[in-house]
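Here the chain labels run A, B and C in written order, and each chain numbers its own residues starting at 1.
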Amino acid sequence: MNYRAVEPTGEYVARLETGAEWRSEIESLAAEVEADAAWFTGLGAVSDAELWFYDQDGLEYAPVEFDEPLEVASCVGNVALLDGERFAHTHVVCSRPDGEAVAGHLNEATVFAGEIHMRAFEDPLERAHDETTDLDLWL
Amino acid sequence: MNYRAVEPTGEYVARLETGAEWRSEIESLAAEVEADAAWFTGLGAVSDAELWFYDQDGLEYAPVEFDEPLEVASCVGNVALLDGERFAHTHVVCSRPDGEAVAGHLNEATVFAGEIHMRAFEDPLERAHDETTDLDLWL
Amino acid sequence: MNYRAVEPTGEYVARLETGAEWRSEIESLAAEVEADAAWFTGLGAVSDAELWFYDQDGLEYAPVEFDEPLEVASCVGNVALLDGERFAHTHVVCSRPDGEAVAGHLNEATVFAGEIHMRAFEDPLERAHDETTDLDLWL
(Lines give C-alpha, C1' and ligand atoms only; values in the text may rest on other atoms or scores of the structure.)
Protein backbone atom coordinates (compact mmCIF):
# COMPACT_ATOMS: atom_id res chain seq x y z
CA MET A 1 0.00 0.00 0.00
CA ASN A 2 1.60 3.22 -1.19
CA TYR A 3 0.23 5.97 1.01
CA ARG A 4 1.26 9.02 2.94
CA ALA A 5 -0.21 10.91 5.88
CA VAL A 6 -0.63 14.51 4.77
CA GLU A 7 -0.45 17.70 6.84
CA PRO A 8 -2.99 20.29 5.74
CA THR A 9 -1.66 23.82 5.30
CA GLY A 10 -4.84 25.46 4.11
CA GLU A 11 -8.36 24.94 2.83
CA TYR A 12 -9.96 27.02 0.09
CA VAL A 13 -13.05 27.54 -1.98
CA ALA A 14 -12.68 29.14 -5.41
CA ARG A 15 -14.92 30.35 -8.19
CA LEU A 16 -13.39 29.66 -11.59
CA GLU A 17 -13.55 32.54 -14.02
CA THR A 18 -15.99 32.41 -16.91
CA GLY A 19 -14.06 31.97 -20.17
CA ALA A 20 -10.87 30.73 -18.51
CA GLU A 21 -9.47 27.23 -18.90
CA TRP A 22 -10.75 24.89 -16.14
CA ARG A 23 -7.56 22.99 -15.31
CA SER A 24 -5.34 26.08 -15.56
CA GLU A 25 -7.62 27.84 -13.09
CA ILE A 26 -7.08 25.04 -10.58
CA GLU A 27 -3.33 25.21 -11.17
CA SER A 28 -3.48 29.00 -10.69
CA LEU A 29 -5.24 28.51 -7.37
CA ALA A 30 -2.53 26.06 -6.28
CA ALA A 31 0.13 28.54 -7.36
CA GLU A 32 -1.54 31.42 -5.55
CA VAL A 33 -1.65 29.48 -2.28
CA GLU A 34 1.79 27.96 -2.94
CA ALA A 35 0.56 24.37 -2.78
CA ASP A 36 2.75 21.67 -4.31
CA ALA A 37 0.28 19.05 -3.14
CA ALA A 38 -3.48 19.40 -2.87
CA TRP A 39 -6.75 17.53 -3.25
CA PHE A 40 -9.85 19.05 -4.81
CA THR A 41 -13.44 18.40 -5.78
CA GLY A 42 -15.71 20.66 -7.78
CA LEU A 43 -18.76 21.26 -9.94
CA GLY A 44 -20.03 23.73 -12.52
CA ALA A 45 -20.45 24.00 -16.26
CA VAL A 46 -18.18 24.32 -19.29
CA SER A 47 -18.76 25.54 -22.83
CA ASP A 48 -16.54 22.83 -24.32
CA ALA A 49 -14.23 20.08 -23.11
CA GLU A 50 -11.41 17.86 -24.28
CA LEU A 51 -11.38 14.60 -22.37
CA TRP A 52 -8.63 12.00 -22.61
CA PHE A 53 -8.94 8.25 -22.35
CA TYR A 54 -5.85 6.18 -21.55
CA ASP A 55 -5.31 3.17 -23.81
CA GLN A 56 -4.13 0.58 -21.28
CA ASP A 57 -2.67 -1.62 -24.03
CA GLY A 58 -1.17 1.03 -26.30
CA LEU A 59 -0.10 3.05 -23.23
CA GLU A 60 -1.08 6.43 -24.61
CA TYR A 61 -3.89 8.92 -24.20
CA ALA A 62 -6.48 9.45 -26.94
CA PRO A 63 -8.48 12.68 -26.89
CA VAL A 64 -12.22 13.12 -27.39
CA GLU A 65 -13.50 16.62 -28.03
CA PHE A 66 -16.88 17.90 -26.95
CA ASP A 67 -17.61 21.19 -28.66
CA GLU A 68 -20.82 21.85 -26.78
CA PRO A 69 -22.04 23.23 -23.44
CA LEU A 70 -21.89 20.67 -20.63
CA GLU A 71 -22.71 20.62 -16.95
CA VAL A 72 -19.79 19.52 -14.78
CA ALA A 73 -21.54 17.07 -12.48
CA SER A 74 -18.33 16.04 -10.77
CA CYS A 75 -14.68 17.07 -10.73
CA VAL A 76 -12.14 15.17 -8.61
CA GLY A 77 -8.39 15.52 -8.68
CA ASN A 78 -5.12 16.47 -7.11
CA VAL A 79 -2.21 18.82 -7.55
CA ALA A 80 1.34 17.46 -7.70
CA LEU A 81 4.64 18.41 -9.28
CA LEU A 82 5.27 17.03 -12.76
CA ASP A 83 8.68 17.89 -14.19
CA GLY A 84 8.92 20.64 -11.59
CA GLU A 85 5.62 22.31 -12.53
CA ARG A 86 2.29 22.13 -10.72
CA PHE A 87 -0.06 19.76 -12.53
CA ALA A 88 -3.73 19.35 -11.64
CA HIS A 89 -4.68 15.77 -12.44
CA THR A 90 -8.38 16.25 -13.09
CA HIS A 91 -11.18 13.80 -13.83
CA VAL A 92 -14.67 15.02 -14.61
CA VAL A 93 -18.16 13.80 -15.29
CA CYS A 94 -20.08 16.11 -17.62
CA SER A 95 -23.63 16.00 -18.91
CA ARG A 96 -25.74 17.06 -21.85
CA PRO A 97 -29.19 18.71 -21.80
CA ASP A 98 -30.99 15.35 -21.73
CA GLY A 99 -28.84 14.22 -18.79
CA GLU A 100 -26.54 11.92 -20.77
CA ALA A 101 -23.20 11.71 -19.00
CA VAL A 102 -19.73 11.71 -20.52
CA ALA A 103 -16.62 11.41 -18.41
CA GLY A 104 -12.87 11.05 -18.35
CA HIS A 105 -9.52 12.67 -17.77
CA LEU A 106 -9.86 16.41 -18.35
CA ASN A 107 -7.18 17.89 -20.53
CA GLU A 108 -8.88 21.23 -21.02
CA ALA A 109 -12.27 22.89 -20.94
CA THR A 110 -13.62 26.41 -21.10
CA VAL A 111 -15.22 27.47 -17.81
CA PHE A 112 -18.79 28.72 -17.90
CA ALA A 113 -19.04 28.57 -14.12
CA GLY A 114 -17.00 26.55 -11.66
CA GLU A 115 -16.85 26.02 -7.91
CA ILE A 116 -13.85 24.25 -6.37
CA HIS A 117 -12.93 23.09 -2.87
CA MET A 118 -9.22 22.49 -2.30
CA ARG A 119 -7.17 21.21 0.62
CA ALA A 120 -3.46 22.01 0.39
CA PHE A 121 -0.82 19.78 1.99
CA GLU A 122 2.60 20.48 3.48
CA ASP A 123 4.89 18.11 1.59
CA PRO A 124 5.00 18.17 -2.21
CA LEU A 125 3.64 15.25 -4.19
CA GLU A 126 5.94 14.53 -7.11
CA ARG A 127 5.01 12.56 -10.19
CA ALA A 128 7.59 10.22 -11.69
CA HIS A 129 7.47 7.78 -14.57
CA ASP A 130 5.93 4.42 -13.68
CA GLU A 131 7.24 1.54 -15.81
CA THR A 132 4.17 -0.68 -15.55
CA THR A 133 1.56 1.83 -16.68
CA ASP A 134 3.82 4.32 -18.55
CA LEU A 135 2.02 7.02 -16.54
CA ASP A 136 3.51 9.67 -14.26
CA LEU A 137 2.42 8.66 -10.76
CA TRP A 138 3.16 9.92 -7.27
CA LEU A 139 4.23 7.78 -4.25
CA MET B 1 -8.64 34.01 -9.24
CA ASN B 2 -11.63 34.42 -6.96
CA TYR B 3 -10.89 32.33 -3.90
CA ARG B 4 -11.09 32.38 -0.15
CA ALA B 5 -9.29 30.54 2.62
CA VAL B 6 -11.95 28.89 4.77
CA GLU B 7 -11.90 28.13 8.49
CA PRO B 8 -13.57 24.81 9.31
CA THR B 9 -16.02 24.89 12.21
CA GLY B 10 -17.15 21.27 12.06
CA GLU B 11 -17.15 18.07 10.08
CA TYR B 12 -20.10 15.74 9.79
CA VAL B 13 -21.42 12.53 8.31
CA ALA B 14 -25.14 12.16 7.76
CA ARG B 15 -27.57 9.52 6.62
CA LEU B 16 -30.37 11.00 4.57
CA GLU B 17 -33.84 9.76 5.45
CA THR B 18 -35.61 7.36 3.13
CA GLY B 19 -38.52 9.16 1.46
CA ALA B 20 -37.24 12.65 2.19
CA GLU B 21 -36.08 15.11 -0.48
CA TRP B 22 -32.32 14.81 -1.11
CA ARG B 23 -31.37 18.51 -1.37
CA SER B 24 -33.65 19.56 1.49
CA GLU B 25 -32.01 16.96 3.71
CA ILE B 26 -28.61 18.52 3.01
CA GLU B 27 -30.03 21.98 3.75
CA SER B 28 -31.53 20.62 6.99
CA LEU B 29 -28.13 19.29 8.00
CA ALA B 30 -26.58 22.70 7.32
CA ALA B 31 -29.35 24.33 9.36
CA GLU B 32 -28.94 21.91 12.23
CA VAL B 33 -25.21 22.62 12.49
CA GLU B 34 -25.77 26.32 11.75
CA ALA B 35 -23.52 26.36 8.70
CA ASP B 36 -23.90 29.23 6.24
CA ALA B 37 -21.04 27.83 4.19
CA ALA B 38 -20.14 24.19 3.70
CA TRP B 39 -18.77 21.72 1.20
CA PHE B 40 -20.13 18.20 0.77
CA THR B 41 -19.80 14.97 -1.17
CA GLY B 42 -22.09 11.98 -1.04
CA LEU B 43 -23.51 8.79 -2.52
CA GLY B 44 -26.61 6.65 -2.31
CA ALA B 45 -29.76 5.97 -4.27
CA VAL B 46 -32.95 7.84 -5.14
CA SER B 47 -36.37 6.68 -6.29
CA ASP B 48 -36.74 9.60 -8.72
CA ALA B 49 -34.86 12.75 -9.66
CA GLU B 50 -35.32 16.07 -11.38
CA LEU B 51 -32.06 17.30 -12.91
CA TRP B 52 -31.58 20.70 -14.41
CA PHE B 53 -29.38 21.67 -17.34
CA TYR B 54 -28.36 25.31 -17.77
CA ASP B 55 -28.81 26.69 -21.27
CA GLN B 56 -25.66 28.80 -21.63
CA ASP B 57 -27.14 30.76 -24.54
CA GLY B 58 -30.72 31.19 -23.34
CA LEU B 59 -29.45 31.67 -19.75
CA GLU B 60 -32.09 29.57 -18.10
CA TYR B 61 -32.40 26.11 -16.58
CA ALA B 62 -34.35 23.36 -18.32
CA PRO B 63 -35.51 20.41 -16.21
CA VAL B 64 -35.29 16.73 -17.07
CA GLU B 65 -37.32 14.32 -14.96
CA PHE B 66 -36.31 10.77 -14.18
CA ASP B 67 -39.25 8.91 -12.69
CA GLU B 68 -37.30 5.76 -11.91
CA PRO B 69 -34.95 4.34 -9.26
CA LEU B 70 -31.36 5.47 -9.71
CA GLU B 71 -28.10 4.91 -7.89
CA VAL B 72 -26.39 8.14 -6.84
CA ALA B 73 -22.85 7.41 -7.95
CA SER B 74 -21.63 10.87 -7.00
CA CYS B 75 -22.93 13.97 -5.29
CA VAL B 76 -20.79 17.12 -4.98
CA GLY B 77 -21.87 20.52 -3.83
CA ASN B 78 -21.80 23.37 -1.39
CA VAL B 79 -24.02 25.33 0.94
CA ALA B 80 -24.25 29.11 0.66
CA LEU B 81 -26.78 31.82 1.35
CA LEU B 82 -29.11 32.70 -1.53
CA ASP B 83 -31.50 35.55 -0.79
CA GLY B 84 -30.81 35.01 2.90
CA GLU B 85 -31.68 31.30 2.87
CA ARG B 86 -29.34 28.32 2.92
CA PHE B 87 -29.10 26.78 -0.54
CA ALA B 88 -27.32 23.51 -1.27
CA HIS B 89 -25.95 23.75 -4.81
CA THR B 90 -25.91 20.06 -5.69
CA HIS B 91 -24.64 18.19 -8.73
CA VAL B 92 -25.11 14.46 -9.05
CA VAL B 93 -24.26 11.53 -11.27
CA CYS B 94 -26.94 8.86 -11.20
CA SER B 95 -27.15 5.47 -12.88
CA ARG B 96 -29.65 2.97 -14.18
CA PRO B 97 -29.68 -0.84 -13.69
CA ASP B 98 -27.50 -1.42 -16.76
CA GLY B 99 -24.97 1.14 -15.50
CA GLU B 100 -25.96 3.95 -17.87
CA ALA B 101 -25.15 7.27 -16.24
CA VAL B 102 -27.19 10.46 -16.22
CA ALA B 103 -26.00 13.61 -14.51
CA GLY B 104 -26.59 17.27 -13.85
CA HIS B 105 -27.71 19.93 -11.41
CA LEU B 106 -30.02 18.33 -8.86
CA ASN B 107 -33.19 20.25 -8.22
CA GLU B 108 -34.93 17.54 -6.26
CA ALA B 109 -34.93 13.80 -5.74
CA THR B 110 -36.56 11.35 -3.36
CA VAL B 111 -34.02 9.67 -1.08
CA PHE B 112 -33.92 5.89 -1.03
CA ALA B 113 -30.64 5.90 0.90
CA GLY B 114 -28.04 8.62 1.15
CA GLU B 115 -24.67 9.14 2.86
CA ILE B 116 -23.18 12.63 3.06
CA HIS B 117 -19.89 14.06 4.30
CA MET B 118 -19.94 17.79 5.05
CA ARG B 119 -17.35 20.31 6.18
CA ALA B 120 -18.77 23.52 7.59
CA PHE B 121 -16.91 26.83 7.35
CA GLU B 122 -16.81 29.91 9.58
CA ASP B 123 -17.67 32.76 7.21
CA PRO B 124 -20.88 32.62 5.17
CA LEU B 125 -20.72 32.20 1.43
CA GLU B 126 -23.28 34.44 -0.20
CA ARG B 127 -24.63 34.05 -3.71
CA ALA B 128 -25.24 37.18 -5.77
CA HIS B 129 -26.38 37.71 -9.33
CA ASP B 130 -23.59 37.42 -11.90
CA GLU B 131 -24.16 39.49 -15.04
CA THR B 132 -22.13 37.33 -17.41
CA THR B 133 -23.77 34.00 -16.69
CA ASP B 134 -27.08 35.22 -15.20
CA LEU B 135 -26.39 32.73 -12.37
CA ASP B 136 -26.19 33.39 -8.64
CA LEU B 137 -22.53 32.90 -7.76
CA TRP B 138 -20.43 33.34 -4.63
CA LEU B 139 -17.10 35.21 -4.38
CA MET C 1 -31.75 14.16 10.49
CA ASN C 2 -29.36 11.33 11.34
CA TYR C 3 -25.93 12.87 11.57
CA ARG C 4 -22.79 12.87 13.66
CA ALA C 5 -19.96 15.33 14.16
CA VAL C 6 -16.74 13.48 13.39
CA GLU C 7 -13.27 13.98 14.88
CA PRO C 8 -10.52 13.54 12.29
CA THR C 9 -7.60 11.35 13.35
CA GLY C 10 -5.63 11.48 10.13
CA GLU C 11 -5.64 12.44 6.47
CA TYR C 12 -4.02 10.40 3.73
CA VAL C 13 -3.31 10.15 0.03
CA ALA C 14 -2.73 6.73 -1.47
CA ARG C 15 -1.78 5.25 -4.81
CA LEU C 16 -3.61 2.02 -5.48
CA GLU C 17 -1.45 -0.78 -6.82
CA THR C 18 -1.75 -1.80 -10.45
CA GLY C 19 -3.40 -5.23 -10.68
CA ALA C 20 -4.87 -5.12 -7.17
CA GLU C 21 -8.60 -5.00 -6.40
CA TRP C 22 -9.84 -1.39 -6.06
CA ARG C 23 -12.13 -1.73 -3.06
CA SER C 24 -9.79 -4.08 -1.17
CA GLU C 25 -7.00 -1.55 -1.62
CA ILE C 26 -9.14 1.10 0.08
CA GLU C 27 -9.98 -1.33 2.89
CA SER C 28 -6.25 -2.12 3.23
CA LEU C 29 -5.50 1.58 3.58
CA ALA C 30 -8.15 1.87 6.30
CA ALA C 31 -6.67 -1.17 8.04
CA GLU C 32 -3.14 0.17 7.82
CA VAL C 33 -4.13 3.47 9.44
CA GLU C 34 -6.50 1.69 11.84
CA ALA C 35 -9.58 3.63 10.72
CA ASP C 36 -13.00 2.18 11.54
CA ALA C 37 -14.63 5.23 10.01
CA ALA C 38 -13.38 7.26 7.05
CA TRP C 39 -14.49 9.23 4.03
CA PHE C 40 -12.75 9.08 0.66
CA THR C 41 -12.79 10.36 -2.89
CA GLY C 42 -10.63 9.19 -5.76
CA LEU C 43 -9.90 8.84 -9.47
CA GLY C 44 -7.94 6.63 -11.81
CA ALA C 45 -8.51 3.77 -14.23
CA VAL C 46 -9.45 0.11 -14.00
CA SER C 47 -9.06 -2.80 -16.40
CA ASP C 48 -12.46 -4.23 -15.52
CA ALA C 49 -15.28 -3.54 -13.08
CA GLU C 50 -18.31 -5.18 -11.50
CA LEU C 51 -20.92 -2.60 -10.59
CA TRP C 52 -24.04 -3.34 -8.59
CA PHE C 53 -27.45 -1.74 -8.92
CA TYR C 54 -29.91 -1.99 -6.02
CA ASP C 55 -33.40 -3.08 -6.97
CA GLN C 56 -35.50 -0.81 -4.73
CA ASP C 57 -38.58 -3.01 -5.17
CA GLY C 58 -36.97 -6.45 -5.03
CA LEU C 59 -34.56 -5.24 -2.33
CA GLU C 60 -31.50 -6.95 -3.73
CA TYR C 61 -28.41 -6.01 -5.71
CA ALA C 62 -28.01 -7.04 -9.35
CA PRO C 63 -24.49 -7.04 -10.80
CA VAL C 64 -23.37 -5.67 -14.14
CA GLU C 65 -19.94 -6.69 -15.38
CA PHE C 66 -17.70 -4.52 -17.52
CA ASP C 67 -14.84 -6.60 -18.90
CA GLU C 68 -13.04 -3.69 -20.48
CA PRO C 69 -10.65 -0.87 -19.57
CA LEU C 70 -12.41 2.13 -18.03
CA GLU C 71 -11.36 5.48 -16.66
CA VAL C 72 -12.52 6.10 -13.10
CA ALA C 73 -13.86 9.62 -13.42
CA SER C 74 -15.12 9.68 -9.84
CA CYS C 75 -14.98 7.51 -6.74
CA VAL C 76 -16.82 8.52 -3.55
CA GLY C 77 -17.35 6.43 -0.46
CA ASN C 78 -16.81 5.69 3.18
CA VAL C 79 -15.37 3.08 5.47
CA ALA C 80 -17.48 1.60 8.26
CA LEU C 81 -17.73 -1.66 10.17
CA LEU C 82 -20.02 -4.29 8.69
CA ASP C 83 -20.33 -7.45 10.78
CA GLY C 84 -17.16 -6.41 12.56
CA GLU C 85 -15.08 -6.02 9.38
CA ARG C 86 -14.05 -2.83 7.63
CA PHE C 87 -16.19 -2.28 4.55
CA ALA C 88 -15.54 0.44 1.97
CA HIS C 89 -18.89 1.48 0.54
CA THR C 90 -17.74 2.68 -2.86
CA HIS C 91 -19.61 4.34 -5.72
CA VAL C 92 -17.86 5.09 -9.00
CA VAL C 93 -18.39 6.74 -12.33
CA CYS C 94 -16.36 5.11 -15.09
CA SER C 95 -15.98 5.93 -18.77
CA ARG C 96 -15.22 4.33 -22.09
CA PRO C 97 -12.87 5.57 -24.85
CA ASP C 98 -15.63 7.67 -26.47
CA GLY C 99 -16.46 9.28 -23.13
CA GLU C 100 -19.62 7.29 -22.44
CA ALA C 101 -20.14 7.05 -18.70
CA VAL C 102 -21.29 4.06 -16.65
CA ALA C 103 -21.76 4.26 -12.92
CA GLY C 104 -22.93 2.53 -9.78
CA HIS C 105 -22.03 0.72 -6.59
CA LEU C 106 -18.56 -0.80 -7.02
CA ASN C 107 -18.31 -4.39 -5.92
CA GLU C 108 -14.89 -5.01 -7.41
CA ALA C 109 -12.55 -3.77 -10.10
CA THR C 110 -8.96 -4.36 -11.11
CA VAL C 111 -6.80 -1.29 -10.56
CA PHE C 112 -4.85 0.05 -13.51
CA ALA C 113 -3.99 3.24 -11.62
CA GLY C 114 -5.75 4.82 -8.68
CA GLU C 115 -5.37 7.90 -6.50
CA ILE C 116 -7.32 8.17 -3.24
CA HIS C 117 -7.78 10.87 -0.60
CA MET C 118 -9.03 9.63 2.76
CA ARG C 119 -9.97 11.31 6.03
CA ALA C 120 -10.12 8.98 9.01
CA PHE C 121 -12.42 9.63 11.98
CA GLU C 122 -12.16 8.82 15.69
CA ASP C 123 -15.38 6.94 16.41
CA PRO C 124 -16.29 3.85 14.40
CA LEU C 125 -19.22 3.94 12.00
CA GLU C 126 -21.15 0.69 12.24
CA ARG C 127 -23.54 -0.64 9.66
CA ALA C 128 -26.71 -2.36 10.84
CA HIS C 129 -29.67 -3.79 9.01
CA ASP C 130 -32.30 -1.20 8.04
CA GLU C 131 -35.82 -2.58 7.78
CA THR C 132 -37.15 -0.08 5.26
CA THR C 133 -34.49 -0.48 2.61
CA ASP C 134 -33.11 -3.93 3.59
CA LEU C 135 -29.66 -2.31 3.35
CA ASP C 136 -26.93 -2.13 6.00
CA LEU C 137 -26.78 1.52 6.98
CA TRP C 138 -24.90 3.51 9.60
CA LEU C 139 -26.40 6.07 12.05
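By our rule, a residue touches a chain if its C-beta (ideal position, glycine included) is under 8 Å from a C-beta of that chain, and two chains touch if they have at least 3 such contacts.
Keep in mind the model is a prediction, meaning the values are calculated, not measured.
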| item | value |
| --- | --- |
| Interface numbering overlap (same over half, different under half) for chain A and chain B | different |
| Angle of the C-alpha superposing rotation, chain A to chain C, to the nearest 5 degrees | 120 |
| Centre-to-centre distance between chain B and chain A (centres being mean Cα positions), rounded to whole Å | 21 |
| Residue numbers of chain B (touch at least two other chains) | 41, 74, 93, 101, 103 |
| Touch list for chain A against partner chain C, complex | 1-8, 37, 39, 41, 51, 53-57, 62, 64, 66, 74, 76-78, 89, 91-93, 101-105, 119, 121, 125, 130, 132-133, 135, 137-139 |
| Contacting residues of chain B [partner chain C, same complex] | 10-15, 17-18, 25, 28-29, 32-33, 41-43, 45, 47, 69, 71-75, 93-101, 103, 112-113, 115, 117 |
